[in-house]
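This structure is in structure tokens; I'll ask about it shortly.
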Amino acid sequence: MCLGIPGELVGYVEEQADLGVVDVAGVRRRINIGLLVNEDLRLGDWVLVHVGFALSKISESEARAVLDYLEGLGQAYDDELDALRGSDIS
Amino acid sequence: MCLGIPGELVGYVEEQADLGVVDVAGVRRRINIGLLVNEDLRLGDWVLVHVGFALSKISESEARAVLDYLEGLGQAYDDELDALRGSDIS
Amino acid sequence: MKFVDEYRDAGRVRALADEIAALCDPGRRYTFMEVCGGHTHTIYKHGLEDLLPENVTLVHGPGCPVCVIPMGRVDDAIHIARQPDVIMTSFGDMTRVPGGSGSFLDAKAAGADIRMVYSPLDALKIARANPDRRVVFMAIGFETTAPSTAMTVLRAAEEGIANFSVFCNHVLIIPGIRAILDSPDLRLDGFIGPGHVSAVIGCRPYAFIARDYGKPLVVAGFEPLDILQSIHMLLTQLAQGRTEVENQYARVVPWAGNPVAMEAIGRVMRLRPYFEWRGLGSIADSALGVADAYAAFDAERLFDLPGLRVADPKSCQCGEVLKGVLKPWECKVFGTACTPETPIGTCMVSSEGACAAYYTFGRFNREAIRA
Amino acid sequence: MKFVDEYRDAGRVRALADEIAALCDPGRRYTFMEVCGGHTHTIYKHGLEDLLPENVTLVHGPGCPVCVIPMGRVDDAIHIARQPDVIMTSFGDMTRVPGGSGSFLDAKAAGADIRMVYSPLDALKIARANPDRRVVFMAIGFETTAPSTAMTVLRAAEEGIANFSVFCNHVLIIPGIRAILDSPDLRLDGFIGPGHVSAVIGCRPYAFIARDYGKPLVVAGFEPLDILQSIHMLLTQLAQGRTEVENQYARVVPWAGNPVAMEAIGRVMRLRPYFEWRGLGSIADSALGVADAYAAFDAERLFDLPGLRVADPKSCQCGEVLKGVLKPWECKVFGTACTPETPIGTCMVSSEGACAAYYTFGRFNREAIRA
Amino acid sequence: MSREQQVLDRIERARRRRPVVRDERITMAHGAGGKATRTLVEAVFVEAFGNPLLAPLGDGATLPAGAGDLAFTTDAFVVSPLFFPGGDIGDLAVNGTVNDLAMCGARPRYLSAGFILEEGFPVADLRRVTASMAAAASAAGVTIVTGDTKVVERGKADGCYVTTTGVGTVEHAFSAARPGDAVIVSGPIGEHGAAIMLARGDFGIEGDIASDTAPLHGLALALLEAVPGQVRALRDATRGGVATVLNELAGTAGLSITVEEDTLPVRPPVTGVCELLGLDPLYVACEGRFVAVVAGEHAERAVETLRGHALGAQAAVIGRVEEGNPGMVLLRTGFGGTRVVDVLVGDPLPRIC
Amino acid sequence: MSREQQVLDRIERARRRRPVVRDERITMAHGAGGKATRTLVEAVFVEAFGNPLLAPLGDGATLPAGAGDLAFTTDAFVVSPLFFPGGDIGDLAVNGTVNDLAMCGARPRYLSAGFILEEGFPVADLRRVTASMAAAASAAGVTIVTGDTKVVERGKADGCYVTTTGVGTVEHAFSAARPGDAVIVSGPIGEHGAAIMLARGDFGIEGDIASDTAPLHGLALALLEAVPGQVRALRDATRGGVATVLNELAGTAGLSITVEEDTLPVRPPVTGVCELLGLDPLYVACEGRFVAVVAGEHAERAVETLRGHALGAQAAVIGRVEEGNPGMVLLRTGFGGTRVVDVLVGDPLPRIC
């Protein structure tokens, strides 16, 4: 449930302290960042956007950890990558 | 000023004493007859209708008098009538 | 149609035209004013001028209720109509009458809720159906129409319809005629008197015209035969050296008018000390407002009106046309800058306006037709 | 897109699928429930079942906020929307949800002013722009969405926007999961835990599942790689004989959730003693209402609601589908009487509903494709 | 076959059945281009108009048009009320375009129909409209071969607007009008406009007036064949009435037209409505009458031909084309007065003066 | 000559001048069929579209169509806002109908335009719309030959609706689709729909997205000539998006279409809008893209041809026609998952779940 989508904080709204501007693949929207008051948000941070609110600050290191998970599993990953490089699926 | 049109009183409106139904060339409209309270209106009487009110009861005898006016003037009228009958303007 | 067709009968009309020709003194010019715009309309619509001898000229009088509305009143009405909770109602005649900044048609296009009604009672019906809106009826017209407005206000009061009011612009015909008679630049031989106004006020109020100004007046009906007969009656008076008030339209107009209607006007309305007539300026005692007893139905008291006097456009010569001093086509803007689509003056708007009637019905080469 | 595309990477997804296959005990069946409709949507949209071994079955849980709305609540919302001065607002998801007599779409066609918004803040903006209307926001969603509603009410209170209120239908995920766990007819091997709810409530509330019911749960993200990894983590726990709460989605979900969000919910909302979930019946302490302190913003108190309990259509088996007891296609009306155009049950409406996801994305001959 | 596969097969069978519109009202979904749109098109439009050219429901229809010139015309219909004595927006939309083709000297062949529907419009009313259109098309021998539907939000239309476009094959050419030509009207005027005014109920008038909406191609072709080469122009007198059409004809010809007032066919109740409201029947719309300009010496035969046809039973010569006053229309009263008949300014509105 | 006659002559000269629209807004008078209507038609429509076929302003236009089959299509345009990045309702209305003709394998030739204007609509906006239409028509080599205008009361439309109908001469026929055929899309998808959503401002999203509205007949004819006889079908992906068109094509063919997700051209900001609102670009409207089904062995040449054209620079094979699952569209993800791509249900609305 609950569509959430990562966006980059690219600006603030002058008049309203709890509003930030978030960029998603090049389009921008004002987003309420009031739920992340404790997060020390900075421009360039990524947040998870849900119904116009930033719900969570996205952790870059944890994000990388998921991608690294496979590597921890050993051989299967490399095999598959090799197979892919050899084929032409485009 | 003030478009007025003759209509025949052909009915009353049950709920409202001051409303009558007037027929103009086969179409009907409810008309306020409150301005003719003193006129002893009857079905079949003709009235002059203006903006939804009957303004005046039309006098049949006075109406005929206008048509008779010409006859009082003598010959010219008869001449013209004869001329008309002889021509074909349709 | 009964009481219509017989008064358009070709034979009778032509015979009467011959009688008129026979009655005219060829060495003399006759100038009659038809006071009432309804007559102007009939004259042009039926091409009656074609039937009159060259030395009989009809000039058009001030009796067109739309023509005499000053621009400031239109602006006031539009000001009312622009209030978001207002439904403005009026007769279709008002649609294109220009105010200082556009007409009802323009105001409607710009968002005002303006509706055309057939009767003031229909405006009251709209008020009943829209209790959360204020419904204003812009009342226009001479004494013919004033009783309907008065009766409608009485009905509203009776039913306690609080969201209905009248923006009253009723004018009186006698002060209008007097203004014409007092104007120095016009020579008239007699008047074709207004038929439907007289159905209300009767024929007596015209007595002063014959008595004080020495002009004959014949109250006339609105069909071709009525008008020709009235002209015949005027010519007859002149030929016989009489100057009287006569009633050609007795089938509709009782000599004493309609006392019930006069009483309704008397109850609901009050005489304004003065009122501006377009082109004629302020005329004393010439119009009706809503009486104090019915103040609750008086839009002028309910709304805060700008009430500005808007000067007529410089090029506008409506006043001269209304007084019969100028023929419509003698106005400098007639038919070029001023047309029924883009009227500068009110006379080009109402189908009773002399300019509109002449433009719409009379604008052709008579010589070519006669040839 | 960053944080999206890398989790759809073909090489990684296939490699992980191979790892899952390798990890499965071929002699055993694995049944996991993805609690969250967002996961259901991802699974069908990306065809993830095609990548799983035959003996791994995913069943779809109750975590679709639209699916669990009972018909009576929709009827209540439409009742509010029908008041002439009301503007009803909600998320696009609600448009087609059937009540006892039609949906928002139908009510809108019948004249109600219902508008779809992207955010509750947009509903507040509509209230600001329409001071003469009452603007109601129909709040739906689990703990993910409740903070947004709460923040919006706080903002409305701060600004003193008196014509705004919330028709609150927020539900809580833990009582929902507990109802599943307590249902006698379902055997599960573990849970894929809801990612975005957990961003608010954190991972601790799931502890009882591992502790009391002996089932592993992995809080998961919403991209293909996230879900496969979570399945891999569940299989690993089972292989290692562990039953723990793990967090695959740590990039978004802090172990402790978002305390600011929880506090906002705590301030503005109160726990309802019970609430009806569609197909699951009344569940104690399973939903949020507006707290007394914010009663002025509570549509349930401002409007006189019929509040009727509307029985689900007889043919509807949404409850069984929500509990994971039936596969969507096992419902008797699936795909014939009940389709996304003419949904009988809510699971066919939301794009997170199991029936809709299966009908829209999964309805094809897998054997033919594989062949 | 697996149980799941059996269900899938059952579903596919259900999907292939002709869809049924279950909604009672048009919703925004019917305009979104998805399933509801398709259902509406198949269950309402194809159901009503079904024919082989329409059937492919592609981006457009392919017409086997043959050789020769084509006539091409379009009209948007926005009448209120949608249903009125004598017809509805459906037959109006078909007849109106059929008539414009006929006025081009063409045989009407194909129609397209574009619908703009207001959210909330009753589907039953839409079915009435499409049934009328189908009946009118069949009566006129035209095929509705392509169409389009859009739904707009409540308050952004007035129930249903229909735009029809027609293609016909030109069978007759017209010659330039000259002085002495007769001006003929095919029947009593002003009936559609008067019927609509009454049906609207705004003015509280009641009477027995029905719209004259009718397809005129039969009448037009009969006339064109009866006096071949002698018809100078045909024009159906719709919005703006006969007066407007006469002005267009006079303007195009650079000549004047003089109408004899006494010869204008107007039925009494239309006169009654016009008198009450202060309107002139010359400006009131017809939807089943045309004005024809015919060489003077063939006028009699032309009128005879028209009168032999049910829709032309009261056809009459109403005037002549004349030299002088170029572009003007004049009216001569029975007693010899003359006046201009100008183009309408603004809407015909009821007036008091 | 009398003074009066001099005045009359001056008036007639004034009347013969091309009329000028002085009103700033459309009023009911512009729809009444009288002088204001005529002024609007001459000063705005004829001014913008002027051409010899339109000039007579008769009941319809007469088209020298020549021999051969005709394509005939209509669409009503009700877009809001009327003006948006990349275009306006005017070029949309022309391009949309030009494209539907092109999709029939026809060379677009003639257009009709029916306007439904809301009382109060700014005349300046109408001029912008007609200027766009004129420019689009000229770019597409079509002539607007006939039209119609109605005015409805304030609150009964949304500024301006335009219904265009097109006639084209069919130059290419299509063959039935078969398994192995390639499915090609002519460019990035969803741009019109995304641009409109942003332009509406309802969702507060800002971004650099312009409508892709464009006339596709050049591109279509180039393709049809490059691989003669090898094009099975053409369909512009408008309302309902590429997904809807694919379903129509699969349904007509009685075969399935499998799309490779990775090959779908979608520009990042369109993806961004879709992700924010929970929409699928496959369902978002284009107004300058088509889907072509081309014999498999000619797919490469087809794509090359399209890419050689400015409007087809990013054309791509996105899938294949296949046996089995008749009428269905399937999508294969990069990692081998498969799902159905069904027809859209209802409007694409932003969702939270």
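The letters A, B, C, D, E and F name the chains in turn, as written, and every chain counts its residues from 1.
Note that in this section a residue touches a chain if its C-beta (ideal position, glycine included) is under 8 Å from a C-beta of that chain, and two chains touch if they have at least 3 such contacts.
None of the values given here were measured: they were computed from a predicted structure.
The chains touching subunit E as well as subunit F are C, D. Farthest from subunit C in terms of Cα centroid separation is A. Ranked by the number of C-beta pairs in contact, the top chain pair here is E-F. Compared with subunit E, the chain whose C-alpha mean position is the greatest distance off is A. Subunit C and subunit F have CA centres that are 54 Å apart. Averaged C-alpha coordinates give centres for subunit B and subunit C that are 22 Å from one another.
Measuring from the averaged C-alpha position of subunit A to that of subunit C gives a distance of 77 Å. Centre to centre, using the average C-alpha position, subunit C and subunit E are separated by 39 Å.
Shared contact sites, meaning residues of subunit B that touch two or more other chains, fall at 1-3, 5, 24-25, 50-52, 89. Chain contacts: subunit D has residues 1, 4, 10, 14, 37-38, 64-65, 91, 96, 105, 118-119, 122, 141, 145, 340-341, 352, 363-365 touching two or more partner chains. Residue numbers of subunit F whose C-beta contacts span two or more other chains: 28-29, 35-36, 203-204, 262, 268, 271-272, 275-276, 278, 334, 345-347, 351-353.
Chain pairs that touch, as defined above: A-D, A-F, B-C, B-E, C-E, C-F, D-E, D-F, E-F. Of all residues in subunit C, those touching subunit F in their complex are 96, 105-106, 108-111, 327, 329-330, 334-336, 340-342, 363-365, 367.
Here subunit E touches subunit C in the complex through residues 202-204, 262, 268, 271-272, 275-278, 324-325, 328, 330-340, 342, 345-347, 349-353, going by the rule given at the top. Within the complex formed with subunit C, the subunit F residues making contact are 3-5, 7-8, 10-11, 14, 22-23, 25-29, 35-36, 39, 119-120, 154. Subunit B makes touch with subunit C in their complex at residues 1-6, 8, 24-25, 32, 34-38, 46, 48, 50-53, 55-56, 58-60, 62-63, 65-67, 69-70, 73, 76-77, 79-81, 84, 89. In the complex of the two chains, the subunit F residues touching subunit E come out as 12, 15-16, 28-29, 31-38, 56-78, 99-101, 103-104, 106, 110, 112-116, 145-150, 152-153, 155-158, 161, 163, 165-168, 170, 234-236, 238-241, 244, 248, 252, 283, 285, 326-327, 343-348.
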